[in-house]
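In the two complexes that follow, chain A is the common piece, with chain B as its partner first and chain C second.
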Partner chain A sequence: MVALTRTTVAGRERVRGRRRRGEDLTKLLFVLPAAVAMVALFGYPVVKNLLMSLQDYTLKTFFTGAAPWVGLQNYSTVVHDKLFADAMLNTALFTVGSIAFQFVIGLGLALFFRNRFPLGGLLRSLLLLPWLLPLIVSSATWRSILEQDSGILNRTLMGLHIVDDPVPWLNSPSVALIAVIGVNIWIGIPFNVTLLYSGLSEIPDELYEAGQLDGATGWRAFVHITWPNLRSVAGVVLMLGVVYTIKVLDIILGLTGGGPANATQTLATQSYEKSFVDFKFGQGAALSNILIAISFVFAIFYLRSTRRAVDE
Partner chain B sequence: MRRTAYTVIGIVILAVMLFPVYWMVNASLQPSGNTLTAGFLPLHPTFTGYKRALDEQGGNLVTSMIIAAGTVVLSLAIATPCAYALSQFRSRWVSIGLLAILISQMIPGIVIANALYTAYERIGLLNSIPGLIVANCSSGIPFAILILRSFMMSLPPSLVEAARVDGAGLFRAFVAIVLPISKNSLITAGLFSFLFSWSDFLFALTLTTKGGVRPVTLGIYQYLGTQVQNWNAVMATAVLSAIPAIVLLVVAQKYIAAGAIGGAVK
Partner chain C sequence: MISKRIAAALAGATTVSLLLVACGDNGGGSKSSSSSGDSVKSLTILDYYNNDPDKSLVQKGLDSCATQLGITIQRETVPGDTLIQKVLQQASSKTLPDVLMLDNPDVQQIAATGALAPLNDLGLTGDGVIKGMVDATSYQGKLYGLAPVTNTIALFYNKDMLAEAGVQPPKTWDELKAAAKKLTKPGRYGMAFNANATYEGSWQFLPAMWTNGGDETDLTSPQVAEALQLWTDLVKSGSASKSVINWTQGDVNDQFIAGKAAMMVNGPWQIPSLNKNPKIKWDVVTFPVNKPDQTPVAPLGGEAWTVPLNKDQAKQQKAADFVKCLNSDQNELDWAKARFTIPTKTALLDQYVKEVPSMKAFTEQVKTARSRTGKLGDKWPDAAKVIYQAIQLALTGKASPQDAFKQASGG
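On to the complex of A and B.
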């Protein structure tokens, strides 16, 4: 600062002018690496997938370099595949089932933890553990719990005489999807609790105090005060839930691999199988583009509801 | 009295939610075998599962560690200046950049894997650690930008201006002033990048085709693939793979909720 007080005003102006031009360049350099990374890791894959979905892109392509254009043939092949309707239905059931329960249980727990009590904060942060574990670790753990003959769940249920025969949680086409949804609910609850809890914390206490004077307590306070004030956060949580859940792959691959008898195939697992098991990259890309399109519809709601949160 | 009752209920809820984690530890301490006959308590704990896990998966754990550390360095190096720019520079590009990050969250990992596989095949990055580091940055970079930006929004512009008056360039002011003061948020962003990369399974599965480079998540998947022969080794590997998450929760407890919330503004 001492040095600057000695320079003249005119000199300072000159330095500033020169500096500004150099500075625009410096500012660009702050953003450039991230911009390049985002284009390479998101822009390129999206464009590449669009192109691949219009090509006959298979294992052969890697040797011959030839990927003939086939128009919309890949889309028509995957849509007419006998598994497509099942995969769509499973994706919808998986997404809706997971989110409905994660949200309701998450909201219940968030409301519970709003009560101030000893160890409350510690217990609430420990609750995050299922969300932080690698998904494949959770899958392995649940595989052992749900194991048909010796898993602890069936042993307990039979010990308590709730069921007479072991339930084939992951081995029967009729219950596997329910089991997979159950595990995904377990993984998603902590995330819902954390976000909803922070939404609840932002509702001013005065509102409840004023409500109490008007006789709004308990359930009435929830309906008239809590829910209206939580709506925008709830919207964000639900849309995030959809966008994240619809593309879940790890958990299903780890638990059932899409089986038994394709009972847990979703668009994401089908896309994976087409590309990396059958090496029909064109068809895999077509399926994943359908997935993106669905998520995009939800994202329009999502962006609308998060705009406020981003501006904040 | 009522507050104590709440604590008791809270502990019960936590016990139910964390039972699978307990069960993972319990099963890892049982004698080897392909059945799960464990009782509720590991009354006769043995470490044969861990010995086997370390023998078979030790190298994979190291591979995962290297990949995760590489992801942290690369993600932070790229994300930090950008987060600063998005928080302090005034430009209409800021909202465009944020929109791009939002949209990126909708892109399924399988789309990235599809494209990277074909590109890596051509440039020889399949089955390589750098290839997996770059792929894992797709989760690290956007998240780190959002967390760092939400912190840097609270930095008063006067802080950097003071240094600028002293004649420091924008970049020098950034390194000398902004970085040290952002230490906590850098740690948070770094821990999450580490965890994302450590947990990655999809890129490990798709961008490796032979045994050379095998992160531990892939090791667990391969254990599960065939008929499980030794549950205790599987569960011991699972416990070892869960350690970073547990350390993160204990060491950086207060940053985690902040990170989850910061990331949700995605």
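On to the complex of A and C.
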């Protein structure tokens, strides 16, 4: 009897244990697809890229498989390259310039569209157009718009007597970066408008009504009601903007290819050039890792700011 | 929730790395390696003639050789600028084709990796082929490829515009500068060329540089600087557009067709599109010389056919036979005539010009032409990079033509 009870209890426990193990297994199985996808799609490239940046990875490697270990030599080569400092500066100017204008113009348009008016919805969706175009198409189109002699922009400016001589948009080392940033701003506005607009529509109308009673209208309403409520969305938009902009490659390649005279080289174009023009894949990987490290700093800021938002 | 955010942030941060590792091991087609002995029934071929008319004209030559050898072919074509990436993918997944077409300046670089079979061992020689082309397709004394046809660049001019301005096609650089200036008027430039920051920009500069006695082994020589002075003078005087630093050879051709340029440096592959515009009356002369006693020296273009190393000896031999057939006199002439290119065998040149008089200037130019990789071999890309960067520095006014090469190569 006693023995029987004992076995039953033990058996019941064993069953419970088995069930718990089964539950654990089920949980594991649910996580597995996502984990596999993460490892295959994010883990592998990152690790491979890190390894590649420590190897002398050239054309030959693809045929023989041999990639001699060179330690940090690739990093020191790319950092001491004569273009590295310029590329860093251009990357910073490109990112800051693009983000600042994208955000301000995007916020302005979002506020504008918050006022309901006829055809507002249609206009707002038309604004998405730059985003829907393939970047190669946009950059090819802008290249012809910005052409010095026959481009429509210079023709218009000269027709309106705003300038006397055609502006060398893509032909002068001192203007090209500005032109490229301009095009990137145009491309980035829809992203900013869309996110900021949705952030604005989250703000309850009651707040404005209450504010109105207290005399907060116009600019004061923006400072005391709109901005505090929009801050977390704005933070997300800015952080994502930085991470997206810092690695922009196709627009620059399409517009100038990094020229004229390397005036629009950024870390991304340099990384591309090292890998796919010079076939020095190790150096290309080293540059892209530097780029990833910079993005990662911003990604951490982003994570911290969103976590704080969740905690609040 | 948090993990989703982490994923999103990581996704943003890692896109660059994804881009750079994108050329992984997912090679394209698989090839059967079962055949052995004399029973080779089919060959796989990879080339970059992916647009008509070239695509189908090349197909004709390939088909006729396949019939002669009694085999079938499986041909794959990819866009020109993706060929090397495709080859790298295939190399790492061991799925290289049996017959591989490569642009001639790339042959030595690929041969240096040990991917290609030396053709001398398979019964092929470069006898009778223009020396410049054999230089380009040989590596360390062995032949790795054969190009049936070649091309080069010369000076196209608009006959009507020159006649209207009373200008003769220029023979010297001074005449070129004077003619370009005279032909320039509002909405039209006298001269167009490509000086962009790619290997294409270097290629277009070579006729001036080589004709003047400049050499890629010493880019800081006065001869090279004088050539750059010519490009700079043409742009500074307003005879050529400042946009040349962004133009491709296709853009240059578009300018010429649109009547916005009276002369241009370009190659015979533009002839089909020029002929589509019967209003444009054009002709070609060899590139002008700096001093009367010089002969024009231009770079050799065109693609070579190679045989990647194959464990299947029979298949490798068959592939070599196929390349041999593509380089037969008959096929060289067929392709040259149909595709406005020039046969690479010296003995065929006179007969060719007799049959296709419009190719006279190009054929003349080919006789003295050099290959880009003839002197520096697989180090050519480094020199080519210095050349296009120096051109960019000079044309944007960031350096004088005398200092540009020193600045571009220093550090």
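Just so it is clear, the second predicted complex is superposed on the first by the 268 of 312 C-alpha atoms of A that agree within 3 Å, B and C clash if a C-alpha of one lies under 4 Å from a C-alpha of the other, contacts with A are read in each partner's own complex, and residues count from 1 in each chain.
Following the convention adopted for this analysis, contacts are C-beta pairs under 8 Å (C-beta built on N, C-alpha and C of every residue); 3 or more make two chains touch, one makes a residue touch a chain.
Being a predicted model, the structure only gives us computed values, none of them experimental.
Once chain A of one complex is fitted onto chain A of the other, the partner contacts of A:Leu213 are absent, as it touches neither chain B nor chain C. Contact with chain B, but none with chain C, is seen for A:Phe113 once the two complexes are overlaid on the shared chain.
Residue contacts after overlaying the shared chain place A:Ser295 against chain B and chain C alike. In the superposition on chain A, A:Glu147 contacts both chain B and chain C.
Of the two partner chains, chain B and chain C are each touched by A:Gly284.
Once the two complexes are overlaid on the shared chain, A:Leu160 sits clear of chain B and of chain C alike. With both structures placed on the common chain, the touch criterion links A:Trp186 to chain B but leaves chain C unconnected.
Once the two complexes are overlaid on the shared chain, A:Pro260 sits against chain C while remaining clear of chain B. In the superposed model, more residues of chain A are touched by B than by the other of chain B and chain C. Touching of chain A by both chain B and chain C, each in its own complex, is seen for residues 38, 41-42, 44-46, 48-49, 52, 62, 143, 147, 149-150, 240, 243-244, 247, 249, 268, 271-272, 275-276, 281, 284-285, 288-289, 291-292, 295-296, 299, 303, 306, 310. Per the touch definition, chain C reaches chain A in the complex via residues 1-2, 5-7, 9-21, 85, 88-89, 91-92, 109-110, 112-115, 196-198, 241-243, 245-246, 260, 381, 385, 389, 392-393, 395-396, 398, 410-411. Interface of chain A with chain C (complex): residues 38, 41-42, 44-46, 48-49, 52, 59-60, 62-65, 82, 143, 147-150, 168, 170-173, 240, 243-244, 247, 249, 256-263, 268, 271-272, 275-276, 278-279, 281, 284-285, 288-289, 291-292, 295-296, 299, 302-303, 306-307, 310. Within the complex formed with chain A, the residues of chain B that make contact are 3-4, 6-7, 9-11, 13-14, 17-18, 20-21, 23-24, 27, 35-38, 77-79, 81-82, 84-86, 89, 93, 97-119, 121, 134-135, 137-138, 141-142, 145, 165-167, 169-171, 174, 195, 198-199, 201-202, 205-206, 217, 220-221, 223-224, 228, 231, 234-235, 237-238, 241-242, 245-246, 248-249, 253-254, 256-257, 260-261, 264-266. Put simply, chain A touches chain B in their complex at residues 1, 3-4, 19, 22-23, 26-27, 29-31, 33-35, 37-38, 41-42, 44-46, 48-49, 52, 57, 62, 109, 112-113, 115-120, 123, 125-145, 147, 149-152, 186, 189-191, 194-195, 198, 236-237, 240, 243-244, 247, 249-250, 253-254, 268, 271-272, 275-276, 281, 284-285, 288-289, 291-292, 295-296, 299, 303, 306, 309-310, 312.
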